[in-house]
């Protein structure tokens, strides 16, 4: 179980302090897919970096399976928005997926199996020896997802992973993520600014306020587990949920203007 | 504060090594004696004349090298044919050490300013030229095609597409050239005897005045630090509009 | 486009050539010749600075300016190309130049050995605790000289030869005079042929002189001379004559007034004041000692520094 | 292939012809006709001469350059990865970089004697700076997202160096290495001007001092050729080492 309790993050530079996150508390159960959505600039990425252990919180704590997260914990994988920058351009697709496994000291035959399974699962057979930059943007993001999947994480963090790919690819990748989630039973925390995406993907949606961030609203997505682009999005319930999230975000924007604390 | 700690450490080391007898203080005097020698030098007019001579040679040489380098770079870079045909010659001429040109310099200019300038210009020119060529090669083909589609003239393409792209590279080239020009100015003065800090170093050396020599060496180092700081500042000011000051450092 | 570039290159070269020709030849204005002399800023050239102060040149309508070059490699081309009207060089270099047909000619004596072992301005020095006791002991050792295949190694070999050692066993290494005290002290070389003021620095640190190579090479050895280009000698014999007279007077004056010489050192060197008072001054005779130059030529020929040629003294000496 | 050969050689040949014709009747002692220089070239740079003078030079060049590369990259990564170290070290580095190597020779002699070690250190002392400073910049410029990715996947310690920092900084390290190469040749000549008894720089200086001017010019041509050959070799090596970098640049430009 992933627990975030009283999380606070203040950025300090020489001249001023900026409170990015004021107070965030929520939990994600094992095997759950939770989407975090909020207005732009609301500190979603800061939250994710704190959860991933890439950033130390100013206050509060993040716990994974009861242990406080102080650095990147084992068993957690991250997929970043900037696919072009998160893949090692000097390594082939195969080596990009393989490298984290090698660091985990997974035995060689097991590694080979994991890499090829993961690449097959995201539909990237036959590109193993290519370099990432030879692939399209959507395919590059698939490599990043394959890398995360092959890592066999218990928790998968995704930071606006589809914000920079085209609409059709995006739809495909959304279905891919849901399919993988259902198959692997992994816990997923999915950060996005796209309301439709959040509702379509998640079991639960957390709506964040504008910065300094708190949890504005939390709602259960009571749509059937089998979802598809055509019917789910046309569903009346989907539309209702979507409207509710939209309202909350608008409220969040109005309620709390940006405040910078001068020191 | 931290920035000064490195220099302070160096100073301490330079004081301690000879004091502890790890090196003979006749041949590497402790820092305090070098500083005293520096203070004595700084009170003489000849010292400031020498600094002035060196900086004059540096500045004039740099201006000439940059003008020639930018002109040649844009010309060669903008005309692909020229580029392929000159590549081998540039690679041949570039590594010829400027110190090898000393006899030629003396032949043409004696031990005057001209000799120093020849070596400074030769060394600094390549730094600028190579950077400008890199810069010109970096022009975005899309921007180039956009300019063509709007029927920009050749001059307008150079002015509005090629030049802005190359500018950060040009600045990197200038910064590299500024550092190299100082090294060469002092070297030329040292080896040829043209007036300037280098020739004063040579006189101190042949007179066996080691502390004075070291003090003058320190002055060249400080000049280098100052020039580099100035160049970086200018670059930051003038290129603040550019999202990333790209390119290469050091030389 | 390329033609333009070629034109540019030609233009630059032409500009350079113009700059060269404009400064060639002495400027004469109002009957006063402006003369540049290429000198190495060492003790040896003190008389020309002194002569300038005393007005020996001015009275002969010569306005003198000294251009300090670091060694013959700079001064000879400067004189040949007309950048300098006169230059200062050791005689072995001038002899080498003559065998290579460099168009130069000596016009006056420069500096000479004192001719007295124990009281010369140059010698071969070792560290105080060195096992080397005399010139014969230098055989088989590593000796520093300021320039290879020049006056230093040929005369040091002669010292060893005369003392009964085998000069072929010496290995010479090139180090600037200024670095020799450190090199001797640190044991990087077994001995160093060194001149003032570095010689005094070595002896002050406890070093000993084991051979006086100038003294051994020839009696009253003329070490260096002032020279000009054959072109100037042919085109302006009057100027050369006046310069020779002035420098000769300076040399004689310097020989007679060592205190003024020591004072003059302060004007163009940075030698420590204490050292300036005690270092051994060379001789400044008015005439080049032809016999000693012949001896240098013979030594050089013996060591093979002239290649297959042999120097012709009548062409190089006045 | 033939076309490429032609474009490579056309201008140098033209320039040489120009030099040949322009200097044909030269009577200047220091600028002899190119014909004389070429004759001297053939006579001078025979195999024994190459072995006696060029090989030792190349040995010292290689030793100095490799040492500078190791030192520059090693220190550069340390300095680039630590903000505090960088702040303290930067002024010192800039200071040493600005000191002209020829004036450092006597100081280095005090420590390192007059043998090959001194010459190698002179080469290192001059050409380590572009490598070091470029490495520092290169490490600082390693992509933040990539750096985060590495941390998130537990790529730390040596693996971080091997798979993230070194390749990430490689384009800039190689730029530094290229700049250092031409510097290394200059420094090789400078180091051989003092206390040497063989080597290319030593030989050229000896020619100059003994007024063997055509031979001196032929030595300068050898230096140019040496530089040209080394930079071509470097380019081959760079194509190999930075294949991904050039490929990605091309890909980015096309899209």
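Just so it is clear, A, B, C and D label the chains in written order, and each chain counts residues from 1 on its own.
As a convention for this text, a contact is a pair of C-beta atoms (placed from the backbone, for glycine too) under 8 Å apart; a residue touches a chain by one contact, two chains touch by 3 or more.
Bear in mind that the values here come from a model prediction, so they are computed numbers and not experimental data.
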Point to revise | Longest centre-to-centre distance from chain C, chain (CA-based) | key: A
Practice item. Quick one: name the chains whose C-beta contact count is the highest of any pair. Key: B-D
Study note, to complete from the structure: CA centroids of chain A and chain B: separation to the nearest Å works out as 49
**Study point:** Between chain B and chain D, centroid-to-centroid distance (C-alpha), Å
**Key:** 17
Check your understanding: Quick one: chain C and chain D, Cα centre-to-centre, how many Å?
Key -> 36
**Study point:** Multi-partner residues of chain C (each touching 2 or more other chains)
**Key:** 2, 73, 77, 80-81, 176, 178, 182, 186
**Study point:** Residues of chain D touching at least two other chains
**Key:** 11, 28, 30, 106, 110, 208
Check your understanding: Which chain A residues sit where two or more other chains touch them?
Key -> none
Exercise for review: Quick one: label the inter-chain contact graph as line, ring, star, complete or other.
Suggested key: other
Study note, to complete from the structure: So the touching chain pairs work out to A-D, B-C, B-D, C-D
Practice item. Enumerate the contact residues on chain C facing chain B in the complex. Key: 1-2, 4-5, 16-17, 19-20, 23, 36, 38, 40-42, 67-70, 73-74, 77-78, 80-81, 83-84, 176-178, 181-182, 185-186, 197-198, 201, 205, 268-272, 275
**Study point:** Residue ranges of chain D in contact with chain B within the complex
**Key:** 7-12, 15, 28, 30-31, 84, 87-92, 94-104, 106-107, 110-111, 129-130, 132-134, 136-137, 172, 175-176, 179, 181-183, 185-186, 189-190, 193, 204, 208, 213, 216, 219-220, 223-228, 230-232, 253
Exercise for review: Would you mind writing out the residues of chain B in touch with chain D in their complex?
Suggested key: 2-7, 9-10, 23-24, 27-28, 84-89, 91-100, 103-104, 107, 126, 140-141, 176, 179, 182-184, 186-187, 190-191, 198, 201, 205, 213-214, 217, 220-225, 227-229, 248-251
Review point. What residues of chain A sit close enough to touch chain D in their complex?
Key: 49, 52-54, 71-72, 74, 76-78, 80, 82, 85-91, 99-100, 102-104, 131, 133-134, 147, 151
Check your understanding: Which residues, counting only chain B, touch chain C once they are in their complex?
Key -> 24, 26-27, 72, 75, 79, 81-82, 85, 102-103, 106-112, 114, 118, 190-193, 199, 202-209, 212
